[in-house]
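Next, two complexes with chain A in common: one pairs it with chain B, the other with chain C.
Presenting the complex of A and B:
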């Protein structure tokens, strides 16, 4: 049915939506709302002092295995798989930084199975704001503070130990690489969140994926058998999070098992992956059938 | 269909695909390899409309399809077939525009931010909907006056009682001044005092603010006090669309007016009209007959298909006879609804439902509970 041709609908249509003041538009309004909600969410978490501090501590402790690995690497070994210890440290720190930013800005998708079961999605569908944005604003991720504190520390250490010349181009690329890494991680978890609209068991996959990234995302993948390396490039593409960008920055571009152009394009591939995952999310949301009747 | 229909459901259907587990361990393993998918019809060919400033109660037993219907009308669910139109917008196709036109309260779930004080949730919603500050303040003041929110709106939502939380939800759903409001069991679990406060609030929104309200509830007192019209849904299909009186008439709702007549001439007149084969309609009294009589003490009751409501009958009886003493008896609406839910009445044809919707005059919701 075309609503505009419905004779009985036209009076109401004329009275209600068209005569009402139009909704506020524009990116500035959207950002103001996002900022305001984020501030309130942060304030809400601050109210529970113990929980807040525990959240930060958990975020930091979660990364302890990487820190221990980095310390051992720097003090005991000259390098790994042809990579110097400072270059490996750059992979680890870029991954951790990308992960921290993902947790801070886009990490709520990881709780999607719970949010669906708690019925949080239903009210999101009747508010004039994209559902994805509302999910990201569901709460403030205190653990991201811990993640980022450790990540920044490690990243500064990696830069200090680096023997490379940090030109403007390199700095720009490292920023793009970290953001691209954040988007790759967000894309993987957004794709899982799209499945969570229909299958609550995605939480197991989510835990497995996080474990996988924590374990293998910080090493040069060239030390792994070729099949594993290919799997981490083309099936679960965690090579694009930090390994490829760090390889480009440290001059390993031609020895990472893929054409150098593909490695250089990591930030762009991250963006594309994120866009695709959002399309998948929207497709899945259109088929959302609710919970509890 | 009312001319200024604001909510329209046209042949709405929703079919869910579910997996049926086979019994026993072997069956469960078989289901794992070859799941048996079945289509579960939650709502079928639902057709009704609600006019501007009208409050309609969507009634039915648990699992009848009420919430699914509301979710399709709010745009949360996409209908399998049929069409929903709310304030000129197809809800699931244009969710953001629809969101500005509707408010919704799902009594069992909050739409407020769980960890924030309710007042801060209101402020967030003000920003999301872009409500101008002046209008926002005026509405908050109005809602506080009606629902006494300021006593608890600085408390975090997770610490509010159910009644307090739903009152905040109600206010939140109306902050952007929507012309259409959907309420899915808004008073579930509330004490009687808060229920009455919420009912007053809803009546105010319909009568003073001219909002169109679609309400689902299991509380028959609420229906009697608020609903102008009811749509009865069962097994996903509309069984009846009409006034409360129509439901009473169709599902065994009955009444008796016991009167002691003061004028012997009236008693004589009634005696002349009495038959021997059960109650007959009194001449000139459409649908009212004498059930029993002992001298001047007469028991009037409904006769035939077009009997009036107890209030209409009372008006006729005291207008026609001189009455010395009077008592009313009416079936409780809950009994009537129980009969309606348990009955195997065939679903109303969509066309008939639509005709009934347009023909039924809104009945005043003035009965006491």
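Presenting the complex of A and C:
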């Protein structure tokens, strides 16, 4: 990590203890530090302009590849799993939006195995900032810009094509659903990152999880057999990212293979999953002994 | 000790050819040996392949639940194509990054210089490593294919001629893929930061080669665009031959295009290897 990103290197921290009563504390100070580091990270990514633009393109192309695949399926196989095209589009767009937000705010956990290998985690242990936050501040995710641009575009298109009334309640739920989806994705990758403290080859599983989300997270799981659908609900809970929230919004709540209350509670389940994954992360961090034992 | 060595018959000195073969075998064996010594990773590969194959079978059968044929492919062809695509994608699916053994990592950490200090040209070392990777991956593909045939999710080739043409086309496709991946790796010599470019090419490869879905389902403009790129030659053509979407008579034209891509990419990468060596930069000194 760039030394300038360390909070201890900030001018405030460099001042003599005799000139001030003590280092500043509190949430406001913590957010100021986060903002300052993020700005530095952004400038650092701008150092390589070509790579910066390509990074944006990566996010956009990844999302576009999912859109292309989705439009191919919707064109060739209308009435996917009993869902109309506009409803399927809402699932895809909510998942993409949740994914874009996850990449922007919490996506650095996916690089945990590399950070462990490169010994980046070790100095984080002695800095006055939570390790999880430091990992999230390791670099600025330029690809999130491309991710979000395409996702917002598709989301707007999905809302325009939707025949449902967008009341305040629905809008609130769609926002909660997207945030919940972001947290479910973050929870899954945080759990894998917890394993990366001890098994650096977890990138293999991360790639697979990302593939699964891209392939199966954007469509009605009702096209799959019940066993596969249950696996995507209770083992790898992709269903809570967008399928359940979109199903609730489009009136498929009772036909998704789970009690409707469970589907409605998706945003809350996302929050709970993230809290549990953070506990797992902290437990794993306490047992971290460095890449060389 | 000296007396014993003088009495024993001197072992015949290995020929230069035998030395070269032995060296090539050891280099090609690096990645497979790493995998074979990590049973958890092999188990993970087996689990992942099995689950992924099951999921694509479910997905495509679900999609064909209300229709018999789409884009000239029936359910058996579509499922067979999807399963073979999942298996074939494993051929180069090894995780070299965990071992800090990708070209971009060697350039980043400066260890690329060792490629130029060994008594072997870097391009030959690269080719032997890729050969080992691909042979190891082919073992997985073969096991998965036999299993898929046994449980009936993939139909056998329609005839011996289809099997023969498919085999040749698949080999040509793997050569195209080898050169495309090499081109991406060579790009690292010119750009110090190019993870984004690598990712874009991986997406392009997966989308335009037909890994996500057969190109036959895509709009005409997309199929036309992919005809001018090498990606569909890697997987889309051989798998289409296997499932019968491209007939044997039409296959020879497609294989000629694959051969043209191989020649063009081979010439280009050869030139790039020569230039790359002159600009090796070890970051950090």
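Rule of thumb we're sticking to: the second predicted complex is superposed on the first by the 259 of 293 C-alpha atoms of A that agree within 3 Å, B and C clash if a C-alpha of one lies under 4 Å from a C-alpha of the other, contacts with A are read in each partner's own complex, and residues count from 1 in each chain.
We take it that a contact is a pair of C-beta atoms (placed from the backbone, for glycine too) under 8 Å apart; a residue touches a chain by one contact, two chains touch by 3 or more.
Model, not experiment: these values are computed from the prediction.
Which partner does A:228 reach: the first (chain B), the second (chain C), both, or neither?
A:228 contacts chain C only, not chain B.
Regarding the shared-chain residue A:68, is it in contact with chain B (first), chain C (second), both, or neither?
Second partner only.
Answer with first, second, both or neither: which of chain B and chain C does A:79 touch in the superposed model?
Only chain C; A:79 stays clear of chain B.
Taking the superposition as given, does A:119 touch the first partner, chain B, the second, chain C, both, or neither?
first
With both complexes overlaid on chain A, does A:282 touch chain B (first), chain C (second), both or neither?
Touch partners of A:282: none, neither chain B nor chain C.
By the touch definition at the top of the document, which applies to A:172: first (chain B), second (chain C), both, or neither?
So A:172 meets neither chain B nor chain C here.
Looking at A:33 after the superposition, I want to know if it touches chain B, chain C, both of them or none. Which is it: first, second, both, neither?
A:33 sits against chain B, while chain C stays out of touch.
Sort out for me which residues of chain A touch chain C in the complex.
Against chain C, the touching part of chain A is residues 48, 50-51, 54-55, 57-58, 61-62, 65, 68-69, 72-73, 76-77, 79-81, 113-114, 117, 142-143, 200-201, 203-205, 208, 212, 215-216, 223-225, 228.
Which residues of chain C touch chain A in the complex?
Chain C residues touching chain A: 38, 41, 44, 48, 52, 54-55, 58-59, 62-67, 70-71, 95, 97-98, 100, 191-197, 199-200, 203-204, 206-207, 212-213, 217-218, 222.
Residue numbers of chain A touching chain B in their complex, please.
It comes out as residues 1, 3, 6, 8-18, 20-21, 23-24, 29, 32-33, 36-37, 40-41, 43-45, 47, 119, 122-123, 125-129, 139, 286-290, 293.
Mind pulling up the chain B residues that touch chain A in the complex?
1, 3-6, 8, 10, 16, 42, 49, 52, 63, 67-68, 71, 74-78, 83, 85, 87-90, 95-102, 104, 106, 109, 111, 113, 115-116, 120, 123-125, 127-130, 132, 156, 177, 179-180
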